[in-house]
Structure formats: structure tokens, C-alpha cells
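For clarity, chains are labelled A, B and C in written order, and residue numbers in each chain start from 1.
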Amino acid sequence: MSETIAAETAERPSSRLRALLLNRGAAMVYVLIVAVLLASISIDRFASPLTVGFLLLDVIPVLLIAMPMTLIIVSGEIDLSVASIVGLSSATLGVLWADGWSMPAAMAACVVVGVVAGAVNGFLIAIVGLPSLAVTIGTLALFRGLALVVIGDDAVADFPREYTRFAISKIGATGIPVVMLGVVAVVVLFGVVLHLTSFGRGLYALGHSREAARFVGIDVDRAKFWLYVAAGVVSAVVGIYWTLRYSSARSDNATGLELTVIAGVLLGGVSIFGGRGTVPGVVAAVLLIGTLNYGLRLDRVSDVVLIIVTGTLLIASVLGPRVGEAIGRVRHERRVRAALPAAGPPPQAPAEGAAPAISLESLHPSSDPAPGAANERKQR
Amino acid sequence: MSTATSPGATPPATVAPAARRESPLSRLLAVRELPVVVALVALVAVTTAVNPLFLSGQGVKDLLLNATIVMMLAVGQAMIIITRNVDLSIGSMLGLCAFGTGTMFAGDSGVPIAVVFVAMVALGGLLGAVNGMLVTVARVPALVITLGTLYVFRGINNLWAGGTQYFADDRPRAFGALSVDTVLGIPIITLVAVAVVAAVAVVMSRLRAGRDLYAIGSDPDAAAVFGIPVLRRVMAAFIANGMLVGLAGVLYASRFNSVGATTGTELELTVVAAVVVGGVAIFGGSGTVVGAAVGAFLLTTITSSLTALRIDKFWQQAVVGALIIAAIAIERIASLRAARKLREQSEREVLDV
Amino acid sequence: MKLVQVKRRGRLPVAVALVSTATLLLTACGGSDSDGGGDGGGGGGGDDLAITFIPKQLNNPYTDVVLGGGEDGASEAGFASNEVVGPLDASASSQVSFINAETQAGTNVIVIAANDPDAVCQSLEEARSNGASIVAFDSDTNPDCRDVFISQVVAKDVGLVQLEILSEQIGGSGQIAILSATANATNQNEWIRFMEEELESNPDYADIELVTTVYGDDDDTKSFQEAQGLLQAYPDLKGIISPTTVGIAATARYLSTSEYKGQVALTGLGLPNEMREFVKDGTVSEFALWDPAQLGYVAAFAGKALADGDITGAEGDTFEAGELGEKEVGENGVVIVGPPTRFNADNIDEYDF
């Protein structure tokens, strides 16, 4: 036994590569590739630069906001108010532009609004210590309400051509929108922060527990605060993009976007409990949902199917690992039982939900004994 | 960590309880639901002072009717949240059950009203069981699962209903009259809702099955070790929630004009907000369904109140948002204080003994 | 370590599950003949013309009637294929991705009822530069991004007839309010503007005061609650105009179940099938509309004329609209279908839509 353990604990370069290629995030990338290939084959006209352009334009808001959202969920929190910040930013842009401000000044003001909104979230959650799910439900209503106060029932539509054109302009014949350059930059930025910095590693630790994070050396409160500010800024930028792309500033822009973003993040392999997930996985998941959406729309399949598919994917994505683990456990148990001499019945599997005592189960990473138990980690 | 508010074991009678002067007043002030009840009373008082029509016969009827459906949903959701889960799919479930009601009555089918009630409650229970199964048997986090079922149920609703909508005159007059006729000035469907709230409150506070939910929400591992059938209780909570949503769906069909594919969209966050405002901790383990019901009442009243006060309706959502945050902060303070009291008490007991 | 091994084994099934799910779904939807009809309209030119209708939202009874007329018109006019796509929610930007899909599909004629006149503009222009003709109907887009606009009736007449009906019912004086659809809906806003102008200028309406306009967003529940709010905020209200079929039905439902029934007059634009019960029980005595099917019918013929190059949308152009005869393009590219119809207890049973 000891030699096996020793052999296995020795770090094999191929095992790291295997881990990288087989982890949940990578699985999403494979699925995405398969999906795109299938769509190109089976849906008329899918494989064209037009698709790339339209699809990416549709996906950009979700992709952008999914970045800070990934970091927030990895650190064990959540932010439901992002869509309302988009709406507030859009409303601000509209009102200021209609009031005579120059576009650059108005856009800067929107970013400031995003900073303030994010700071409000960050203050309440990180400094005061209120639960993020509840707080961001409150700020979801608050910010959307402020958007209504700012712009009311009006819609501002006469934005300058150069800006609205720019929002949908493409790079030459590739069909890729110009703004994707900025989006890629943001994705790379968040990816680097999460995966290649110690701050990012600290976030993973934070997702497990406050203490773990402190051991790694990050200032928990400050980290969370700035994460929420980042979410606010990114949401505000999305608000500007949204307004210019549709040439319409309204208080109800982007309503419901937060659920789409969270669905994408969760599908991408980020655990809702925190502590797990990768940026590439999330990017792939968001693109996958976008591909499905666009492909099915192109095929004139009703949105109804789309909705069911998204929901099923989400459920399957969390169910899958459990099924996998259960299968693995059963197989392992059977093997061990076969190897044991016949010395009486094996210890009973623990009663439902009981904390595992010494048993076969203790050798395995058991799934959470009770639903929602791991939420305890979130409590401070 | 949110803890139950009840104090620990009382020290032996021989110790002079000099420090324990818990007057009825201070006990009243410690009641969790106090802030939300006070807020509600204050709101109604101020509004009526400015616009007496607010509490006219029709006004009261409207207030009660508006609150009825959200109240029922809040009660079910409270049970779920108390166990440290959440159910985001209630809007879609409501849509299915409301449309089911419309379908059952459609074309003068002659189906008795009671049968429709039973059938839709059963449908709701079934949908709740789907959620419950995925959460308990598959042990997957409720937030994710119910987000998925939110989409799936809504999609099924769209598939089923398509463009069809059933209107008030597709349902028997007697059914629609449930939302109009009153007993002692209170609409019948509101009485149904209140009775349900009362029943659930009793179960939660007196029956083993209900109290176990609090234990599960406070500390699932400890609850399991203690011998509570955690999975069975959580499953039961989800099914009960589903049945309540089914009932709410039937009441919805009675009150409103049309039921179709989009009925019930975007209700979930309102209901969770109502529950939180009503003093139920989002981490589970504390709060009461009565509090949740009052929270629901408060939220629906705010909208009517702001309209009656002729305050720019654009402020309404912002006010609701601010209120939710205030409620969370108050709940946090209350639980911190309770935790501190518990700590001080146990310290005192250590010193006394 | 066994730990890692189990986890690795767990990951492969995940990937497999997801891949197979996605594969199944895509092949199922991609290959088969689904709702919209697999590979819709082909390229432009020649005899194989394709037309697609994009209403404000699907699952709306009024829209369904319009689309029915559109389908008849499309087949009569000689289109090879006819599709209907649209969002499930009437939000400003939700139509854009459908327009984009049509651009990519190379559809020859896009008929659209805009939720927001400007949000759809950029995508419509892209469609146009790709060779498509754009016909707006029911709710106009910005005139710059469409070729013609099919208007059910002269916009001014729509506003005036509703005002006229209400004035008759309230005896020419008193407070009135408007309960509209979404705040940005082009059609409603235009009619309201004409109503406001008429109220100012016409001496017959000197004693009528329009106190406010509220928006029900074409959502049944919201309209219901807005109607409630109106009566609470303005107790002296004598009449309500609701120039949208969802709004008038919801308001009628509220009025007929409240003490305001018969006290507050209600009129607007309604569908006979929805309003029949309320006319019979006295809540509404008269309302107006037109034949929505004609709207879709004429739109299809206009689209054909544009695609064939017979008209360009300039003022003075004429085209044949099948059974409805010749239609002329007026100022600003607007085509009028016909005069409005007034519905009341005498004639409501003659109609079935």
C-alpha cells in the first residue's frame, strides 16, 4: 500500500497535463467545439462571417459580466444586481446625452456610476458583512428603481452615428466585431488575475473559508470590496455598449440579464459554493449558450425550445458530476468488497445525512452530506 | 452565524436571577417580526392620513387581494429558506398551475371547482417534488437546480400554452366570484390564504416535522447526527412549497384576467425579497412564516401606498430596494445581538456554577 | 491517490453527458422540421420570395389575428414561404437578434411591428443593405429604416374616436385618464398625442381634464394594478381610455369586480372576444378597433410589391392588396388600411376575433 501511495504522490508531468485537459472547464471547451461543428453542418448558413458577427454581438454583454461574476462566485459570494447596474448606466448615458453632455464625458459619468454602485454592494457585503444573496436582491431593486428615477418612461435614441456605428462595426471580412478586442482584453485580464496571481489563488481559498484565505495572506474584506466594484464597473461599461448597440437608452434595458450570466458561469464549471471553477470554462459555456441561441434562432426554432435547453443544460451540468461520483463510488465499493476476506458484513453506509464515521465512505470525497450544508462555509 | 433566538437552558432555580429581568416589553421588542409589523402599520397609517380613500372598503379589499398571492408564495418560500435552500422556480410553477386551471375550465367543461383546486395543488406538489428530488437525492445545490427548473418549467409552459390565453369568461362565474365576494369584508381567497398561513405556522412551530426544518437550516450536520431525517424533511418542504404554489396558481386564475404562457414571470425575486424583509434569515434556521407573510403584505402595500400618495411611481422600485436592504441590516443586527446574549448568558452560567 | 482517481473518473462522464446532450439537442433541432420550418426562405430574386413577420411579441391574441391575416395575404400575394418569429417578451431590444437571423437567411421581405422605433433601426438597415425590403406595420419604426408603414387606420382617427366615445359616456365633462401599453410604443404614443391635442383645441372637450397617463406594459397583471392605482389616486375619475387590447381587458376585469363598475366609464381598443363579457355585464358600453387581419393582409401585399420592384415606398405609389383593392402610399410612406369600427352590445356578437 505504502509504495502505491508514494508512487502516486510523486508529481508526474503527464498527470498535470491530464488534469488540465480533463477538468470541468476543459470539458466545456470540448462541448463548445462539438456544438459549433454540429451547428455548422446541420444549420443552413451558420458557417459564415455574419454568424460570427451577430453571435458575438449578442454574447458580449453576458461574456463581459461573467468575468467579475466568476471571481465573485469563486470567492463564495454572488451578485444579482449586475443587470440593474447595466440599466442604471444606460439610463445615465441617455439622460446626460439628452442634457447636452459630450459623449466622452457622459460615458465617463456612467463608469463612475458603476464604481459607486459596486462600492455600495461591496460596502454592505464586505464591510458590514451582510449576506450577498439578500443584499444584491435588494440592490437589484434599488438600482433598477434609480434607473427609473433617472430616466423615467422616456427612451433616448438619437445617439451620434459614429458611436452607434462603432458599436457594431466589424474587423474587415472576418465578421468579428471591433469591440471584441476590448472584450478579449477584459477576459484575459480576469483570467490572469484568477489563475496566475496569488490574489486569484487567495480567492479560491476564500471560497473554502475565511481562515484559509487569511492563511494565504489576502485581506478578505478588501478583496471582496474590490470584486464588487469591478463588477460594477464592468456592468456600467456593458450599459454603455448596450445603449450604443441598440441606440436606445431605457430604464428597462438588460432586465433579467443576471440570471443568464449566472447560468453561464455555473454551466462553465464554477461551483456555487465557491472554491472551484475556471475562466476558460466560463467563456466556453457562455459561447456555448450563445451558439445554441443563435443557431436555433437561425433555424427559426422557437425560443421555447431554447429556454428548455438552457435549463436542462444547467441541471445536467451539476447532476453530471454527482452521477459520475456515485458511479465511481459504487464501482470502488464493489471492488473493495470483492477484495476483502469474508469477515462479516461490511460497515453500513452511514444513515442519510449523518457525518461519516470511520468507514469506506471516509476514504472518498463524499458529496455534501446534507443539501446546502456547504453553505456553512459562506457564513462568517 | 444566525442562531435561534431562544435562550439556552435556564440555570438552576436556586441561583438568584438578579440579572434576569426580562420584562414583557423587552421580550416583545426582541420579537423578530417586530420591525416589519411596525413598518407596515406606520406605512398604512401615514398613507391613510394623506389619502383616506386608501382604507375605504374597496381600498382594503384591493390591498388584501393584491397581497394574497404573494403571501402564499412567501409562506412556501420561507419554509424552503429556513432549511437553507431556495426555490427560484416558483414563478414558472405558478404559470403552469394557473394555465392548468384555465385549461381545466376551458370550453365550459363543467369541471367542479373543488376538483380543479385539488388537481392544481397536486400538480404544484409534483413540480415541487421534482425540485426536491434533484436537491436531496442528487444532492445538488438548490440555487442552481431551481434556476434550471425555472427555465425548464417556463419552457414547458410556453410549449403547452403557445399563444393560447384563457380569459375571465372562460372560467365559471362562481370561480371568479371567489376574488370578489367577501365574508366580513375580507375576500374569500384572502381567507383561504390566511387559513393556509395559520396552518403552516402551526406546523412550523408545534409539529416535529416543522421544527426539524429549523434544525436543518441551523446546522445540517448536527441535525443529521441528532437523528433528524434530513433528506426526507427537505423533500417534504419542497413538496409543500410546490403545493402552496399550485394553490396560489388557482387563486391567481380567479383574480386576474388572463392566464397564458407568460403568467408568473419574474415573481421569484419579489417573493424572496418579501421573505427576507419578513425577518427570515437567508442562511436558514430562523424566522417565521408569519413574518414572511407580513413581509409579503408590506411589499405589496408599498406599491399601492405610493400610488395612493401620488408619489412619482418611478420611486417605487427604489424604495422597495432600500427597504429590503434595511430589513437585512436589521435582521443582522438582531441576530448579532442574540448571539451576543447567548454568549454572555453561557459565560454567566459558567461563572455562576 | 484514490481521491484523485475517483474525481478524474467523475469528470469524464460529465464531459460525455454534456457532449451527448448537446449533440442530441442540436441534431434534433437542426435536422428536423421544427416550428419555424427547417431551412426557410432561400435567396432573393426570382419567384422564390420569402417573407417573415416579426410582431411585437408572440402569444398575444391581437397579434395572432394580425398574423393570421398576414399568412392569408402572403400566400395570396405569391410568396413561396412565410415565417413568423418573435420574442416572448415585448422589450425594446429583443427583436434585434431575430432581424439579424433574417438578414443572414436572406429573407426578401421583413414585416415588423416595433417595440421601440429606434432600437431596431441599425439591424434593419443591415437587412436592407443585404437586399431585404422592410415593411413596418401596427407599430412604426423610425421612418429612416423602413420602406413603408402599414397603419390600420388614420392615427388621428384612432385617437379621436376613443375620445369621442368616452366623452359621450361621461357627459362631456370630468376627469379622465389613459392606461396605455409600453411607454415607448410608437402607435399608442401617437394616438395619445392626437388625443391630447384634441382635448386642448376642441371646445366640446373644454370641461374634460386628462389627469394622467399610466403604462401597463401590455401585461395583464401590471395593467390590472395600474387601473387599481388610478382609481385610488384619483377618486373623482370619471373615465378611462385604454388604447391597447390587453389594457382595456385588464381594466374591465378590475372594474367589473369592484365597486366602480358602472361608475367609471371605460373605452379604448379591444378585441370583441375578450370584451364580450364586459359589454354584456355593463362594465363597458362601447369600444373601438378595426379588423386586425386586414392589417397583416395588406402588409403582405405591400411587401410583395416592394420585393417585385413595383413600388418604392414613395408618396403616390399604389399597389393591389388582393381582395381589399388598391392601396395608396401616403405621406411619409404610410399606407392606411381602413376606418375604425365601433363595437357595442348591438353588434358585438357578429364578430369572432
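Heads up, the rule we're going with is that a contact is a pair of C-beta atoms (placed from the backbone, for glycine too) under 8 Å apart; a residue touches a chain by one contact, two chains touch by 3 or more.
All values reported here derive from a predicted model rather than from experimental measurement.
> Please tell me whether B-C or A-C has the greater number of C-beta pairs in contact.
Result: the pair with more contacts is A-C.
> Please flag the chain sitting at the greatest distance from chain A, going by CA centroids.
Relative to chain A, the chain with the farthest C-alpha centre is C.
> Between chain A and chain B, what is the gap in Å from one C-alpha centre to the other?
The computed centroid separation for chain A versus chain B comes out at 29 Å.
> Report, in whole Å, the distance between the mean C-alpha point of chain A and the mean C-alpha point of chain C.
Whole-Å distance between the two chain centres: 36.
> Multi-chain contacts in chain B: which residues touch at least two other chains?
Residues 158 of chain B each touch two or more of the other chains.
> List, in ascending order, every residue of chain A touching at least 2 other chains.
Each of 153, 302-305, 312-313, 323 in chain A touches at least two other chains.
> Give the residues of chain C that touch two or more other chains, as numbers and ranges in rising order.
Residues 58, 88 of chain C touch two or more partner chains.
> Show which residues of chain C lie in contact with chain A when the two form their complex.
Listed in rising order, the residues of chain C that touch chain A are 1-4, 6-15, 17-19, 21-23, 25-27, 29-31, 34-40, 58, 83, 85, 87-88, 91-93, 96-98, 100-101, 103-106, 116-119, 121-122, 142, 183-184, 215.
> Touching chain A in the complex: which residues of chain B?
Per the stated touch rule, the residues are 1, 83-86, 134-136, 138-145, 147-156, 158-159, 216, 219-221, 223-225, 228-232, 234, 266, 269, 272-273, 276, 281-284, 312, 314-325, 328-329, 332.
> Can you list the residues on chain A that touch chain B in the complex?
80, 124, 128-131, 133-135, 137-146, 148-149, 152-153, 256, 259, 262-263, 266, 272-273, 302-308, 310-315, 318-319, 322-323, 351-355, 367-376, 378-379
> For the complex, give me every residue of chain B touching chain C.
51, 53-54, 57-59, 61-62, 66, 158, 161-163, 165, 167-169, 176, 179-180, 256-258, 260-262, 265, 303-304, 307-308, 310, 313
> Using the touch definition up top, name the residues of chain A that touch chain C in the complex.
5, 8-9, 15, 18-19, 22-24, 27-28, 30-31, 34-35, 38-39, 41-45, 48, 50-51, 54, 58, 153-155, 157-158, 164, 168, 242, 245-248, 250, 252-253, 255, 288, 292-305, 309, 312-313, 316-317, 320-321, 323-325, 327-329, 332, 363-365
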